[in-house]
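Take a look at the following structure, please.
All chains are identified by letter, namely A, B, C and D, in their written order; residue positions are counted from 1 within each chain.
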Amino acid sequence: MENLIALLVAAPLLGAAVLLCGGRRLDRSGHWIGTLLAAASFVIGAVLFTDMLGKGADDRALHQKLFSWIPVEGFQADVAFQLDQLSMTFVLLITGVGTLIHIYSIGYMEHDERRRRFFGFLNLFLAAMLLLVLADNYLLLYAGWEGVGLASYLLIGFWQHKPSAATAAKKAFLVNRVGDIGLSIAIMLMFTTFGTFAFGPVLGATGDASEGKLTAIGLMLLLAACGKSAQVPLQSWLGDAMEGPTPVSALIHAATMVTAGVYLIVRSGVIFNAAPDAQLVVAIVGAVTLLFGAIVGCAKDDIKKALAGSTMSQIGYMVLAAGLGPIGYVFAIMHLVTHGFFKAGLFLGAGSVMHGMNDEVDMRRYGGLRTYMPVTFVTFGLGYLAIIGFPGLSGFFSKDKIIEAAFAKGGTEGWILGSVALLGAAITAFYMTRVMLMTFFGQKRWQPDAEGREPHPHESPKSMTIPMIVLAFGSVFAGGFFSIGDRFLHWLEPVTGHDHGDAPISATTVTAATMVVLVIGVAVAWSVYGRKPVPAVAPRGSLLTRAARRDLLQDDFNHVVLVRGGEHLTRSLVYVDHTLVDGVVNGTAASMGGLSGRLRKLQNGYARTYAVSMFGGTAVLIAATLLMRAV
Amino acid sequence: MNPVNYLYLAALLFTIGASGVLIRRNAIVVFMCIELMLNACNLTLVTFSRMHGNLDGQILAFFTMVVAAAEVVVGLAIIVSLFRSRHSASVDDASLMKL
Amino acid sequence: MSATAVHSLWTTAGEVTSAAPGDRFTAPTIEYAQLAPVLIVVGVAVLGVLVEAFVPRRHRYTTQVFLTVVALAASFAAVIGLAADGYATKSAHIAAMGAIAVDGPALFLQGTILLVSMVSVFTFAERRLDPASHGNRVDSFAAQAGSVPGSDGEKAAVKAGFTTTEVFPLVLFSVAGMLVFPAANDLLTLFVALEVFSLPLYLLCAVARRKRLMSQESAVKYFLLGSFSSAFLLFGIALLYGYAGTVSYAGIAAVVDGGVQDIDPALADTMGNDALLLIGGALVLMGLLFKVGAVPFHMWTPDVYQGAPTPVTGFMAAATKVAAFGALLRLLYVVLPGLTWDLRPVMWGVAIVTMVGGAVVAITQTDIKRLLAYSSIAHAGFILAGVIAASPEGISSVLFYLGVYSFVTVGAFAVVTLVRDAGGEATHLSKWAGLGRRSPLTAAVFAVFLLSFAGIPLTSGFSGKFAVFKAAADGGAAGLVVVGVISSAIAAFFYIRVIVLMFFSEPKADGPTVAVPSPLTMTTIAVGVAVTLVLGLAPQYFLDLASQAGVFVR
Amino acid sequence: MSFPLLTATAALPAIGAVVTAAVPAGRRTAAKWTALFFSLGTLVLAGLVFARFEPGGDRYQLTESHAWIKDFGVRYDLGVDGIGVALLGLTALLMPFILLAGWHDADPSPDSRPESGGGDTGGARPYRWRPTQGFFALILMVEAMVILSFEATDVFLFYILFEAMLIPMYFLIGGFGDRAHAGTDDNAAAQRSYAAVKFLLYNLAGGLIMLAAVIGLYVVAGSFSLAEIAEARANGSLEMAGSTEKWLFLGFFFAFAVKAPLWPLHTWLPNAMGEATAPVAVLITAIVDKVGTFAMLRYCLQLFPDASKWATPVIVVLALVSIIYGALLAVGQRDIKRLIAYASISHFGFIVLGIFAMTSQGQSGATLYMVNHGISTAALMLVAGFLITRRGSRLIADYGGVQKVAPVLAGTFLIGGLATLSLPGLAPFVSEFLVLVGAFSAYPAAGIIATVGIVLAALYVLVLYQRTMTGPVKESVRAMPDLRVRELAVVVPLIALLLFLGVFPKPVADVVNPAVQHTMQDVQKKDPQPEVEAAK
């Protein structure tokens, strides 16, 4: 069985290789190859899953060592896989959603002459992501970690001819690299602390390590997670990442890659449990981000950017949950999965809308689309209900659990985190309702674009709608399925462990509260965007609004401090290198030349001068000799 | 009389000759100064020879004279040819090559 | 015939009055066989003079060249013979009543001098470089040295196809002097030898065919300064004589070491008077340092090297240095070892200023011959570093360096003679631009020589430099080594400059042409290249030779 | 006496150089093929060396030993340890690609005037100016010397080669400049010879300082043979006074630091790499400079262990400065080749850091780094060279949107770049991470600072790629052809190699590890214990 694990990664990797090296002759069939191999990977995953279900909770974990990767004295890195319930959850999510999005892309990218390469990159991403979740040691995980970074770079910048896209891609990669520093330092710390960085030994030996080391490791892992999962302060890249084709946004920047951070934290749960300070920081980061993202989401008129903000905030929920320790791990993952469904669905919906609107992304140019594209409307709507946590739908269960857990953390921080989570729920309800209303309700606001092409909104082809429908199902039922009888809890508990914490208030109260804020959020949104027509041009808006439109000025900060500062630094360094470092040497040479020129003058061609020098020399010679004898 | 005085005289002559070389411009005169220095050496040699009571010094003096004669031949030949081509025997004029 | 010899005659003669008739006269013993190298050369030189007198003009050139080459070859054979008979090592001793030492260093240096003279004589005899005037092949010497430049007399002489074939006997005389110089074993011989090899050189400098004014000027400068310095030398000799009461090296050394106890009270104030010793030693030293061209006694070098006919320059630069350093070594190791500690700082100072000064000033030179002159100064400094290392290793390293350096120098100057334009040799560096494009081979050969001068590994220059530096370091002169490498770095700069000029800069339209030499010059250059590469790759044999020869007889 | 394999490996390219130079002036193509043939032959021999070498065996294997210059105590001693084998392999491996990439670099440019300038009389020249032959011959000559320097186990022999290889390099840099500028810029020749002279003088100065140290070593140790000196150290018959050892160490290290190049002795590299043709630039940074780092590892640590440890703090700092400084300057460059040069400076910082961290990981990493950096730089620089020859400019600003017109070129360029920023899965990642871990476990602060270099690397690579390859297509590149077969033949194998060594570096690592263990013993260093074990 375990031999299949390698195939999970191999299939999409093969696809990537074939598609990228295949050349033009594959242009016609490429997308099919890609999709098939993604699907194949999903099938293998399913097989392994059924096999796993057949076993007892404790001997479910599979392990496969392929070969020794970096064998150096005292440093052993293997290419080895570990498939336990946690990994399995991800495998299914990644391959499942991945396959759907492959299918969707067939339609979406139909008119792009570089479609073959697009599918190649998608497969590459799948391979890397699977490597990430299947790795049995942190170094291999790091490889996958950077791999998905590369794939995301390539896909964000897929339309390279657009400078904005190229820039966004670069930005994404760089910000992720900053996070990667964290991961690599964490690995080094593990190496110096435990002498290894394989999951088993490290997580097994946390007891022996000092808390200080563990805290450091934890914080470094958190840094990495922030980079990958667009958490404050490294969140700035996610908004720009929407430059990429929408399927990419759906798969990478909503469903899977951005959740890698959560996976990392949950996977390293033991370390965080042993380092409460680090854990608290995780929770705080999560809380901050969920508000940050939500606020940003409220102000964006670009539908994808709005959804991106929401993604940020939802991942904030997951990180918050992960920061709660054993209380929250399971729910973090659960929310991650459900979010995978509905957010992917929402993005695909958005993509479908853009598809029908000549790639228009400004929601102020939408309106009343529900009549033009019913399927999109319904699926999007279900996704909407799921995310705001409408009772009975996926989001309701998963998010509610997190809020409960937050309160259950206990103590003051429990109250603070809990209320933040509640507030977040309210804002979520607001901005999602806003998106919904601006897009599908009200009167149509679109007009001819620059080339004077009047958009003709229309429903998307089957290849696009079917995945949306499937995902809609997921967003409706997944949560319920998981929560009835705590299926998901029991499934993951062996890996992550679980603990109920001490809830100061009953679950029902929390649920009630959630409902209340939900209603408030929706109501406010309706009062603003539902009752009166939405202006086609954005009003100036309050200070907060304007700040939120600019990602709460975080980019401006980066620009001023990092970009400008960096430019000045490099420019001055170039100057220094040329004048100072090089100058010293050239200066010596020049001065040598000058000296030479001056000494040369002594050779003035007059024999008598020469005689003088001889005479003087002799005198010195004699004097020196006598002196030496004297002393 | 104390032969050492001859040494002082010789040293004096030598110095005069040397300074002449340094000061005078006319090649011939310079050359004569050099001859003076050689003769100062001869005097020294002879004096020492007398003091040591052996004749090496005097033999040396003879050799020196021969050498000086040879030098005169060569030197004058060169200086004269220079003079003929430049119509000047000043050593300072002979400064085409410098630096 | 040396002073001591005569002296003995005198004293014996003095006793005649009282002594009974009988053995009145003991003839000095002269080991002619062991002096053969010198005698051959002198003899043939005299013969050469006769040739000038009696052989018709058109045959002189061939006769002279033939005689000279034969003489040098024979003399060299004699040297080899002596060495084979073990005079270099076990049976080394002092010949001619203590006048001349026949030992390892002497023979090694004599051999070197002879070979170097041989190859440079080839360049003397080269007659294909200058365009033939009036159908006569001409060499690089004036048609008639006596005639005024540009005068009708000169024109007539040129038209008549005169050539100064006297140069060959002159060279031979000079060589004879050089052979004696490093072998001289008393101060008198030293002085005479010095003059014997200097005077012909003064003349040779004056007889260039082109640029005669510069040639004569160089001769004058060389002559005046040369005799000035020899005057100092002589005075030094006088003082040493006054100090020791003898001019033989052994005798002086004995007094210096305090070997002589019974000092006649009358002489107490001179005998063992250190002032005399030190001043005299310093003066003699100065005389020799002048010949090797050490700073601050170097200033004649650039002008003379530039003005003299290039073949003569090559000969001078190579052979003179060898001879002078040989004498210097003998003086320091045989006569003044007692003074090592007094002279060391002085020698250090001279060596340092010579290395650095030569290298620094060379940077801004614009004439290839002057450049090589300064480079030779710098090299003198390097050799001095080896001289200072008071050890047999030091001696042999210096011998080796001299052997290496002299051949490369002759070769380099031979290449200089090839690059010509309308005015004769094009020695200004700017003319050398792009030479590598026009005649890669010539440029490459010259580059090899330059790299050897710069002491790049795999060239003989490196072997030599390494030998002396190693000896110096062993001799506790690490400081000199450091200065040495630094000045080598500086020196590298201007050698590289020339290479850049030859290979990386575009040829000028009015650039010089590279004349095709006769086999003679080709041989010279080939020998230079061969020595450079062979002694760069496999110097072992010659190092052995040098180290075997590295012991002075006392 | 067995077949002298090592000598043969070095001799073959030397012979090749002579043969190539002897090819008649008219037959340029023949010369090229000859050179390529010999370089391939060398590759085969290098393969044999790799095969014959037993990682478990003695420290130095395939040894040869002959007396050479007895008076200097110099022997012709050859022998390879794992590190030597790895670098020897790298050299032999890259050389064919370098030749292939430089196929047309030395063709007489159409605009150059006839070589027979001046008043040379026709028959007067037995040998005609033939740049092409010279170019390829010189490259082979460099290969021979570099290979021999990796094999030498005699300090003097090594020194000789260390110095001698400067000369052919010098002619390669100064004689065959990058047409990209020569076409447009009048003072190109001046810049070129400036670069060449700078290269030579820097390295010569370093070498001469080393010469003093070499002599000093002989005076102290009385031998040049690594083996003898090591043994004398071992049995205590040789103690160097602390100060002497330090001075000698500094003498050696200075030379190697110039060669490596280490900040602040680096300024010759950008000029040299900028002015030389791309293949020669690769030759400099990928092969010749490795001699410097190799020598640090072999000679500094082996001969002067105590002094090395004494100097470590300073050197580590210098290495860190190189890493950050080089990367920042790379970001600030406007010239593609200079950018790559500064990137290399940063990478050499990593190598030095790994060597002087004095941990197994650090040194194994450093050795692997030498190999991987060679390959990755070759890939990046050669593709850059192809790009530059197409457009005839080295300025980044002259490019844009190339990806659209020449996707394969852009793709390979990107992969080369990704290797340079050491992306996992490509070879450099392995070595860089090892260096980081090694450095971190010895000097945590250093490890952390060095990681900043990773981000900067991403910055300069991606900025370069974005400016040249993406965005709207510039007019000047609209007609740019994609990679040709010859160029693909150069790039594809290199990339394949990068992938292979990135996924499966074991073969090289296994060869290197024992050698590193020996070095660790030389410096009497143990890897720091993990905290957990230490606690127990």
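Things worth noting here:
Here is the rule we go by: contacts are C-beta pairs under 8 Å (C-beta built on N, C-alpha and C of every residue); 3 or more make two chains touch, one makes a residue touch a chain.
These numbers come from a predicted model, not from an experiment.
Chain centres were defined as the mean of their Cα atoms; on that basis the chain farthest from chain A turns out to be B.
The interface with the greater count of contacting C-beta pairs, when A-C is set against A-D, is A-D. Chain A and chain C have centres, each the mean of its CA atoms, that are 81 Å apart.
If you average the CA atoms of chain A and of chain D, the two centres end up 37 Å from each other.
Once the centre of each chain is set as its mean CA position, chain B and chain C turn out to be 24 Å apart. Mean C-alpha position of chain A lies 97 Å from that of chain B. Looking at chain B, one finds that residues 18, 21, 30, 91, 94-98 touch two or more other chains.
Looking at chain C, residues 220-221, 224, 228, 232, 302-303, 493 sit in touch with two or more other chains. With touch defined as above, residues shared between interfaces to two or more other chains in chain D number as follows: 201. The chain pairs satisfying the stated touch condition come to A-B, A-C, A-D, B-C, C-D.
Against chain D, in their complex, chain A makes its touches with residues 20, 67-75, 79, 139, 142-143, 145-147, 150, 153, 157, 160-161, 163, 166-167, 170, 173-174, 177-178, 180-181, 184-185, 187-189, 191-196, 205, 208-210, 213, 566, 569-571, 573-574, 577, 581-582, 585, 589. Against chain A, in their complex, chain D makes its touches with residues 201-202, 263-264, 266-267, 325, 328-329, 331-333, 360-361, 364-365, 401, 403-404, 411, 418, 423-425, 429-430, 433-434, 436-437, 440-441, 444, 447-448, 451-452, 454-455, 458-459, 462-463, 466, 469-473, 503-506, 509-510, 513, 516-517, 527-533, 535-536. Here chain B touches chain A in the complex through residues 18, 21-23, 25, 30, 91-92, 94-99, going by the rule given at the top. Listed in rising order, the residues of chain A touching chain C in the complex are 589, 592-593, 595-597, 599-600, 602-603, 605, 607, 609-611, 613-614, 616-618, 620-622, 624-626, 628-629. Within the complex formed with chain C, the residues of chain B that make contact are 4, 7, 10, 14, 17-18, 21, 27, 30-31, 34, 37-38, 40-41, 44-45, 47-49, 51-57, 59-60, 63-64, 67, 70-71, 74-75, 77-79, 81-82, 84-86, 91, 94-98.
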